[in-house]
Amino acid sequence: MTRRFNLYHFASPATFYPLAGALIPWFAAASVLFGLAGLYLGMLVAPTDFQQGEGYRIIFIHVPASWMSMFIYLVMAFWAAIGLAFNTRLSGMMTQALAPTGALMAFLSLWTGALWGKPMWGTWWVWDARLTSELILLFLYIGYMALVAAIDDPRRADKAGGLLLLVGVVNVPIIYFSVKWWNTLHQGSSVNLTKSSMAETMLWGMLLMAMCFWMYAIAVAFARVRTIMLERERHTDWVKAILAGGEK
Amino acid sequence: MLGVVTAVIARDLKLAMRRQADIVSALFFFIIVVSLFPLGIGPEPDLLRKLAPGVLWVAALLATMLSLPRLFADDHRDGTLEQLALSPHPLGLVVTGKVIAHWLVSGLPLTLIAPVLGIQFDLSTEALLVLTGAILLGTPALSGIGAIGAALTLGLRGGGVLLSLLVLPLYIPVLIFGAGAVDATVSGLGGEGHLSLLGAMTFASLGFAPWASAAALKIALE
Amino acid sequence: MLGVVTAVIARDLKLAMRRQADIVSALFFFIIVVSLFPLGIGPEPDLLRKLAPGVLWVAALLATMLSLPRLFADDHRDGTLEQLALSPHPLGLVVTGKVIAHWLVSGLPLTLIAPVLGIQFDLSTEALLVLTGAILLGTPALSGIGAIGAALTLGLRGGGVLLSLLVLPLYIPVLIFGAGAVDATVSGLGGEGHLSLLGAMTFASLGFAPWASAAALKIALE
Amino acid sequence: MIYWNSFSDFLHMGGYGLYVWGSFGVTAAVMTIEPILVARNRKATLSRLKRQMRAEARNTAE
Amino acid sequence: MLEADNLECVRGERRLFAGIGFKLGPGELLYLKGRNGAGKTSLLRMLIGLLPPEAGEIRWKGEPIKAAGEIFRADLCYLGHLNAIKEELTPLENLMVAARLADETLSEDDALDALEQVGLAGREDLACKYLSQGQKRRVALARLVQERRPLWVLDEPFVALDVAAVDWLAQLISAHLQRGGLAVMTTHQPVDIPAGTVRELGLS
Amino acid sequence: MLEADNLECVRGERRLFAGIGFKLGPGELLYLKGRNGAGKTSLLRMLIGLLPPEAGEIRWKGEPIKAAGEIFRADLCYLGHLNAIKEELTPLENLMVAARLADETLSEDDALDALEQVGLAGREDLACKYLSQGQKRRVALARLVQERRPLWVLDEPFVALDVAAVDWLAQLISAHLQRGGLAVMTTHQPVDIPAGTVRELGLS
């Protein structure tokens, strides 16, 4: 018992709860700062795109949202693997806390993409591989949330949800590489480590916005995981102490 | 007399809320099936626009059908159906309540989401309106006819698939007029005729289906 | 070691024969869905020929999916699944047997009837051959992946609809390559690439899916 | 430094105003509503758990 | 009040029984006996009108039950092998819904009281799927606490109950009989029900 | 042979029991007692490895059952609330299929013999869905007739059985114990099983 406690010290809710609480303001502040900087560069400084006009400015949220939607799924799958392998309680709570944010990111990617597609391609939606697989990603998020919600026993829900996440993770590379594998309407990757085809300011604006989204996702997920922890661990002494202590 | 109808509706809605997954998933099934077709067929917008009403209607039909097996099966398995049959009300009224609740949980959400999916297929505003109206008018008939099939196959192990076998042929008129209404609008012929036929079907099936289902249920309980 | 696989296959086939309705109805569902489309869309032969692979694949996918909920549910409800989990064999092997039996009862009949339906859509002989080959190669993957979904949703009241929500997204690659193979043949590009990808998917999912399902079943039995 | 000549140009976005501001608006809305919902949920959970704990304490005291 | 004449039951190709008849008046208990598969459940389902008899007739207050229809069903309370409770609902909700559908008025206090009597205090708000076998049976039995209909038909009501619950239920049936009710019952467990007249009917 | 240490069971938010432990040797019967909902079924499912305990350990022949895995399961015979029979198959087919899946050899004659012992002679070829409650239970019990595995775990085996069948089953368990088998059992009915050592374990 004591040995296990040491081994999983940081994965133990009792330690993670206050840690997350202390970190949230920092991530939130970072998100705001990155966001302001990114918006300044992207919306005020960056010049127009000679092909797409001002409409291209949607890129400053479309691309970060798309990235985050895939990245969050990968993180959830990572936690799920940890959870199934080592039976840690924290991992199930983390995946559940991340899922709604991931789904929202997928939704934002679709929404901004659609609003971009209308002026660029003349239609809100086409059924090409990239767009479709992003839609599937949204379904995967929703499927995960529905499955977890349908199982009442939290431990069973964690295990079943984790399994689903691991099975579904094959979709992420498909989305990412779909533009390479099929030739489609959608733009290919333009951020490249060696040589970037974008104007410098645009690139910086986009990267700053990506950081903003990333920090935002961490802050929100931490806030959500804290609530889930209270709910799940309500019979443990540390939660009782917090409740009795009248935390704000 | 009508008290029992509202009591049944209230009960079934409460159960649906308790499960939640039910409502959300019938809807998502609809969305997913609609999205499958472009994947199988390819992305050409012109082709897709032609397909839209047919695909949407077939998907609505399948989504309704998929939720049918559970219309009576749960009540049968846990013995509640026997109790309903033994209640002092005519069984037909009880079934009316269940059919209405089924539509509220499956048909109504489909109606609300249909226009959004229509946009994905690039339909015009007018076509969208007619599509939504047709689905609103047609889905109660789907629930009603479906109830008969669900009652007839109750307790049979062939279950869901046998049910669809019985019910799909009966759904075909609804499908034809439902998709036809949109087609007629798109081609400028006006969909009113189709719509009023749909309305008549719904009306007839809501009056008749509960009593046929009740008779089938009594046989299943023997 | 493999004795248990054949024992499970034999048992499931015997049960399917006893019910009969099962085999026949999955097939008829397939046929009916395929026939619904011309009804919803209209009779133009050119249009229909374009649609054929997509429609056939979507119908195959839905027919498979419809039979999934009962893959484990019957055994769960009557307690047989517990006994299987307690048998001295690895549960993964038992599930392998069930997946194979499921394919024999649902996938194989579809494969056999597909060319006949293809003729109705006026497909060329070559396209028919590729279509049949694709369905033969692809349906085992559908059974395998479906087993995971069926195991994950076992005993949940959301039931069939939640299952389709989970499984359909995972079916999409099979759909794309399956329909793609026929399209590629029709447009003269040759469908071999698609077919070998399908084969790879089937191979991978038959190796991996039973064990994932077994893990999910153990969770469901807790 | 700043690329725009006037505020109305900025709003107009070279004719793409509707699309650009539609995207940014919804994103901003989502990113403000989500934290608010999380915070509300947290408050509700805390008060519910406190109530439950008090009820339990009363039950065991009896 | 409840009369059966010359009943015959055929299932598949097997004649389970024939020529069964009885009369049951107020305050009387009919105790069906017989080994497994003798046809007790089948006879009960005949009595409540779910299974049409091959031959013979069943009358309630002098009228054939088929003709009496809704009047008969309004006088009847049946408890079968199955519990007829919804697993998603809590015991309290189950009671309230059942009463509403059976056209009875039941206040929440009465329902809570009934649940307490069957020993489910503290579980009123837990979905029934989490209850143990015996607890589920108790939820089904809680319906009987407030039940004032004259005819009770109970198919193995004691199954899955622990000793205390068996005693409690025997008392409840006994009280129903003393109020002038009728009861038809099967059980394999030897249970002692204090009642004025106990008729036994053996199926073999 | 079967040992349990300090078992704890939590369902939902309720701790059903904690600190339960016992040792059971060959020829011994463990009799679980407790009111409805005490956690008997949960404990049995823990013992056979279907429900992971919250804390504590279960050992078979000195090895934790999780590690023993297939070896443990090959020594185990479990009969739950549910009968684990297929309604479409006949009693005979059910027995043969169950034996084959459990990796046992069972000749058709032996199976027919077992069915006759449980009183199903003449119903070997009727699909199980037509059988009465008690007859279904008897099909499930027929598995035990030929069963020679050392550990039997039985959850309310007497439910729905008539008096004759209850006696027969008690004899069968007793014979198993005399052969040096172990048995763990729950039941609410007072049944007398002649056995060397009967341990009782009360859950409350």
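To keep things simple, chains are lettered A, B, C, D, E and F as they appear, and every chain counts its residues starting from 1.
Keep in mind that, in the parts below, contacts are C-beta pairs under 8 Å (C-beta built on N, C-alpha and C of every residue); 3 or more make two chains touch, one makes a residue touch a chain.
None of the values given here were measured: they were computed from a predicted structure.
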Fill in: For chain A and chain D, chains touching each
none
Worksheet entry | Fewest hops from chain B to chain F - one hop per pair of touching chains | 2
Response to the item:
Taking each chain's centre as the mean of its CA atoms, the one lying farthest from the centre of chain F is chain D
Discussion item. I want to confirm something about chain B and chain C. Since they are copies of the same sequence, is their interface symmetric in residue numbering (over half shared, so same) or not (under half, so different)?
Written reply: same
Worksheet, complete the sentence: More Cb-Cb contact pairs, comparing B-E against A-C, go to B-E
Item to complete: Using mean C-alpha positions as chain centres, tell me how far chain A is from chain F in Å, no decimals.
Response: 49
Practice prompt. Could you give the separation in Å between the centres of chain B and chain D, each centre being the mean of its C-alpha atoms?
Written response: 36
Practice prompt. Send over the residues of chain E in touch with two or more other chains.
Written response: 81, 87-88, 127, 130
Response to the item:
Touching at least 2 other chains, the residues of chain B are 19-21, 25, 28, 32, 39, 42, 74, 157
Worksheet item: Once bound in the complex, which stretches of chain B touch chain E?
Response: 3-4, 7-8, 11, 14-15, 18-19, 74, 77-80, 82-90, 94, 221-222
Fill in: Residues of chain F that touch chain C when the two form their complex
48-52, 70-71, 73-74, 76, 78, 80-89, 93, 97-98, 100-103, 127
Response to the item:
Given the complex, residues on chain E that touch chain F span 11-12, 34-41, 81, 119, 123, 126, 130-135, 137-138, 156, 159-166, 188-189
Fill in: For the chain C and chain B complex, residues of the former touching the latter
19-22, 25-26, 28-29, 32-33, 36-37, 39-42, 47, 50-51, 53-55, 57-58, 61-62, 66-67, 69-70, 74, 156-162, 164-165, 168-169, 172, 175-176, 179, 183
Item to complete: Under the touch definition given earlier, write down the residues of chain B that touch chain A in their complex.
Response: 19-21, 24-25, 28, 32, 35, 38-39, 42-43, 45, 48, 119-120, 122
